[in-house]
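For reference, the structure discussed in these notes is given below.
Chain lettering (A, B and C) follows the sequence in which the chains are written, and residue indices restart at 1 in each chain.
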Amino acid sequence: MSDLANPDALATLVGKATTPRPAAGYWTAVGRRLKRDPVTIIVTLLLLAIVLMAICAPWVTSYDPYAGSVMRRLRPIGTPGHWLGTDETGRDLWTRLAYGGRLSLLAGVAPVMVSLLVGGLLGITAGFMGGLTGTLIMRTMDVFYAFPSILLAIAICGLLGNGLTNSIIALAVVFIPPMVRIAETVTTQARHLDFVEAARASGTTTMQIIRHHVLANVLGPILVYATSLISLSIILSAGLSFLGLGVTPPQAEWGLMLNSLRQSIYVQPYVAALPGVMIFVTSMCFNLMSDGFRSAMDVRLSK
Amino acid sequence: MLVFAGRRLLQAIPILLGVSLVIFGLVHVAPGNPIDMLMPPEASPEIIAQMKAAYGFDRPLHIQYLLWLGRALSGDFGISVFNAAPVLGQLMTALGNTLVLAVTAAALGFTLGIVFGMTAALHHGRWPDKLLSAVTTAGVSLPHYWFAIVLVLVFAVLNDWMPAQGMGDDSLPLWQRLDHIVLPVVTLCMIPMGVIGRLVRATVLEIMGQDFVGALSAKGLGRGPVLRHIIKNAAPPVLALMGLQFGYLLGGSILIETVFNWPGTGNLLNLAIFRRDIPVLQATILVLASFFVLLNLLVDIAQAAIDPRIRR
Amino acid sequence: MSAALLPVPPVDPRDRGGPAQPLLSVTDLRKHFPVYGGLLNRRVATVQAVDDVSFTIAKGETLGVVGESGCGKSTTARLVMHLIRPDAGSIVFDGEEVGSQAGLSVAEMRRQMQMVFQDSYSSLNPRLTMVDSIAYAPRMHGLPARQAVARSEQLLAQVGLNPALFARRYPHELSGGQRQRVNIARALALEPRLVILDEAVSALDKSVEAQVLNLLAELKARLNLTYLFISHDLNVVEYISDRVLVMYLGRVVEAGPVEEIYGRPRHPYTRALLASKPTLDPDRRTTVLPLSGDPPNPINPPSGCRFRTRCRFAQPACAEMLPPLLPPVDAAPGDAQHLVACILPEAQMNAEPRHAA
C-alpha cells in the first residue's frame, strides 16, 4: 500500500539501468560505501538476529508454542519464567513471538520471491518479444494495476478462503504487475542498447543475448525493487492475518497474534502491543536495509 | 491536449471491463456457491433451486456476467444476500463515511509529507534531514493497524482523551462528533505522509543536483525564485503519487476501519467476506476499483497539463 | 617470369565471383516506419526512412555515404545488416541473395559483414572486459575459450592496443578513441569481409579521429577488407572513400567516384552541401550559396524531387516526377560511373548567378 506503484521508484530504477554501471571494482566500491554506513550495518545485523531467532525458535525457548494454561493467562511483562508475559490462553509470549517469526517471515518473503520469478519472466518476455505477446501481457497487467493493492489482496484471500498458501498467492498477484512493468521497461531499453545490437549483428542467438547481456542488466533493478517490497509484503501479510484472512489459529503468526490479543487490550495493554512491535521492527529494518543498499549501489552519488 | 485526454478516457474503458471481469471471475473461482453456503443443510433441493433462480445463479456464466454488468452500469447492484437490503444504499452510506476519513487523512498526510520532504532536502545531510527521514521511513514501515491499536491504547485505554470506536451518536451533527475522527485520521495519514515525504525529498534532491539549478543561482536568482523552479519541476511525479495514495486510502482503509469500527467501505467489505455476501462484495470492489481507475485518469491528465513531455 | 615478380593479392577462399563481381549489391531497399496518433492511436502516416535505395560496393572498395542527419544513412546500414527488417528490396552478397531460400541466410551473412557503431561506450557491455567483449562472438560461434582469448589479444595488438595493458580493462577505464579501437577489433573478430562503419569516428576528437582513420586504412590494406563508411563529415568521407553516395530524405541523389563528386558535383543538393564544407583555403571561398533551413518533414516529403523545396533551380517540372538516378544528361560518353537524380543539365546550374546580386 505504500510505494508499491511508486512511479518515481520505477523511474530511478529504470534510469539506473540505462546508464550502464561500471563493473570493475564496482562491488568493492559498494562494499566500501556500505562499511561507512552504520545504520545499514546495524539493521542488517538486527534482521539477521530476527531470522536466527525464528529459525532457532526451539532452542531459544523451552516452552511449547501451542501449550497454554488457564492458570497463567495474560501475565504482564516481567513475570518470572515468562519475561514477555503470556497471551490470552496462557501461552508464553516470547515463545509465540519466536515461532511466529517463521510464518511471518515466510508469508512476507515468499510472495516477493514468487512475483520476482513470475513477474520477471513475464516482463522480460514482454520486453523482448514486443508485438502482440507483449501488448497482451502488459494490458493484462494494467487491469490488475487498476485495483488498490490491498483491496485486491483482500478480495482474493476473502474469496479463496484463508490459509498461508492463499495469502501468499494473493500478495504475489498484487506484486506481479509492478514487477512486470519494471522488467519490461528495462528489457526494452536493454534490447536497444548498442552492445546488444552489436551482439545481434555478430550472429548471437536470442537466448544467448538474453542470458549474457539482458539478464545482467535487468536483474539489478528488479532485485532492488524486490527488496524494497519485502517490507510492504510483511506488513500486508500480517495485515491479512490480522483480518482473519491469512494464517489460521492456533498457529503462531505476528498479525494473527496481534488480532487475538486485541481483545485483551484493557487487561494487558503492553503485552497486546508486542506482536505489532515485531512487525514494525522487521519491516523498518527491511526498508532501511533496502535504502542503504540502494544508495550504496547508486553510482551517481559516488563522486 | 484534448486528444490526449480523449485517448486516455478511451483507454480506461477496456481496463474497467477487465476489472469487472476479474471481480466476476474471482467470485466464481472461489469454492462454494453463495446460496449453498447460506441455506440450512436441511433445505430441500427444490427450495435451493428456487433461490438460485431468484438470484440468477442458475444461468450460464457469461449470461450471469453480462446481466450483472448491465445492471451494475445502471446502478443496480442487486440486494444483499445477508439482509435483503439494496446494495447500492448500503454502499453509498459506507462510501460517504470512507470519503470523510480518506479526504481528511490525505489532506493532513500530503501537507506533512511535503513540508517534511522539502525541509529534509533543503537541509540535506544535516540533523533535520536525518530526523525527518527517520520519521518518514517509519511512516512507510509502520503496520498501521498496529499503530491504530497503540493510539487506542494511549488515548482511550490508558487515558480517557478520545473515543476508541465508531462514529458516535448518529443523531448529533457531524461537527459535534469530530473527536471520533481524530484517531483514525492520524493513523491513516501516516502512510501518505511517509510515502510523499520520501518522494519529495528524493525528487527535490535530484533536481537540485541538475545543472539548470546551478545556472539559475549563477544567474544571480535569489533563494525564493530558485525554489519556485524546483517546485515546478518536482510537481508532476509528486502529483502522480498523491493520486495513487488517495486511491490506496480509499481502498486500503479496511484494516483501520476494522480497528476503529468505522462504518465505511472497508468495514462493509470485511463483513461481506465473512458473510459471503457476494452482491455486496462484488459491488464494493467494483466501485472502489472504478474510483481508482478514474483517479489515475485524472492524475494522468493533470500531469500532462503541467508537463508537456508526457503528452503523446 | 615477370609475372612471378608482380605482387599477387592474397585470394580469399570465400571469394566466389572474383574481383569483377561486387561484394555487396543492394537493390530498391525500402523501409517505411508507421506513425501512430490521433484519438484511437491508428496509423496516421508513414516516415519514408529509406526509399528505393540501390548501390553496389566492389571488393576492396570503400563506399562513403553522406547526408544531413535524418536522411536515412544509419537506417540503410541497419537494413543491410538485417538489424531492421526491410519492407522491400534485395541484398546480394558476393552473388548470393541474402534471406532467400537458395541464397545466404542472415546468420551466414552476418559472419561476413560486421558493424561499428557511433557510441563507443554504449556499444560495449559494461560488465565485460575488453578481451571478453572481443572474444564473445567467436565463442558463441563455437571457438574454444582459450583460442578465443588468444585471438582477441592478437586483435587488440592489431588495433594498436597493448594486450598486456588493455585486455583486462572495462569500458569505463578506456578513452573514447581506445574504446572505438576495441569496437573495431570486435567487429574484426569474426573475420568479416565487409565492415559497416556507422559514424564510427564522428564522436571522437579531431586528433584521435585521424589516428583511427589511419588505423582503418591500414587494416583494410592488411586484411583485404571492404568498407561501407557512413558519416555526416564531408572531409572524412573525402579522405577515406573511393566512391561516394549522397543521400537526401531517404533517397540517393548522387553517386560516383570521390573525385567526381567532390570535384564536379552535379546535384544541386551535393553542390550546396559541399559549399557548406568548412575550408581554410582562401582560393576556395564559398561560391555557391550554402543550404539554409532544415530538410522537410520525411512524413510528408514533397512531391516529385524531394529537394525541390530547398533548391534554387527548382522548376515546375521538378514537382511532377521523382527524377531517376541516371548518368547526367550532358555526361561525356563513358562517364557511366557518375549518377545523379536531377533533370537539370549542369550548364544551367553554372549559368545561374553565383551570388544573388
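Convention: a residue touches a chain if its C-beta (ideal position, glycine included) is under 8 Å from a C-beta of that chain, and two chains touch if they have at least 3 such contacts.
Remember, predicted model here, so these are calculated numbers, not experimental data.
S.K.: Considering only mean CA positions as chain centres, point out the chain farthest from chain B.
M.R.: Using the mean of the C-alpha atoms as each chain's centre, the farthest one from chain B is C.
S.K.: I'd like the most central chain, judged by C-alpha centroids against the all-protein C-alpha centroid.
M.R.: Minimum centroid-to-centroid distance belongs to A.
S.K.: Which whole number of Å gives the spacing of the CA centres of chain A and chain C?
M.R.: Inter-chain centre distance comes to 51 Å.
S.K.: Cα centroid separation between chain B and chain C, in whole Å?
M.R.: Roughly 57 Å separates the two chain centres.
S.K.: For chain A versus chain B, what separation do you get between their C-alpha means, in angstrom?
M.R.: Comparing mean C-alpha positions, chain B is 21 Å from chain A.
S.K.: Which residues of chain C are in contact with two or more other chains?
M.R.: none
S.K.: Could you say which residues in chain B touch two or more other chains, in rising order?
M.R.: none
S.K.: Among the residues of chain A, which are close enough to touch at least two other chains?
M.R.: Within chain A, no residue contacts more than one other chain.
S.K.: Using the touch rule from the top, collect the residues of chain A that touch chain B in their complex.
M.R.: Residues of chain A touching chain B: 1-3, 5-8, 11-12, 139-140, 142-144, 146-151, 154-156, 158-161, 231, 235, 238-239, 242-245, 255, 258, 262, 265-266, 269, 272-273, 275-277, 279-280, 283-284, 286-288, 291.
S.K.: Using the touch definition up top, name the residues of chain A that touch chain C in the complex.
M.R.: Per the stated touch rule, the residues are 20-24, 193-195, 197-205, 208, 212-213, 216.
S.K.: Hey, which residues of chain C end up touching chain A in the complex?
M.R.: 81, 83, 107, 110-111, 114-115, 117, 119, 121-129, 133, 136-137, 140-141, 169-173, 183, 186, 189-190
S.K.: Chain A touches which residues of chain B in the complex?
M.R.: So the residues of chain B in touch with chain A come to 14-16, 18-19, 21-23, 26-27, 29-31, 137-138, 140-147, 149-150, 152-153, 157-158, 191, 194-195, 198-199, 202-203, 237, 240-241, 244, 247-248, 250-252, 254-255, 258-259, 269-270, 273-274, 281, 285, 288-289, 292-293, 296.
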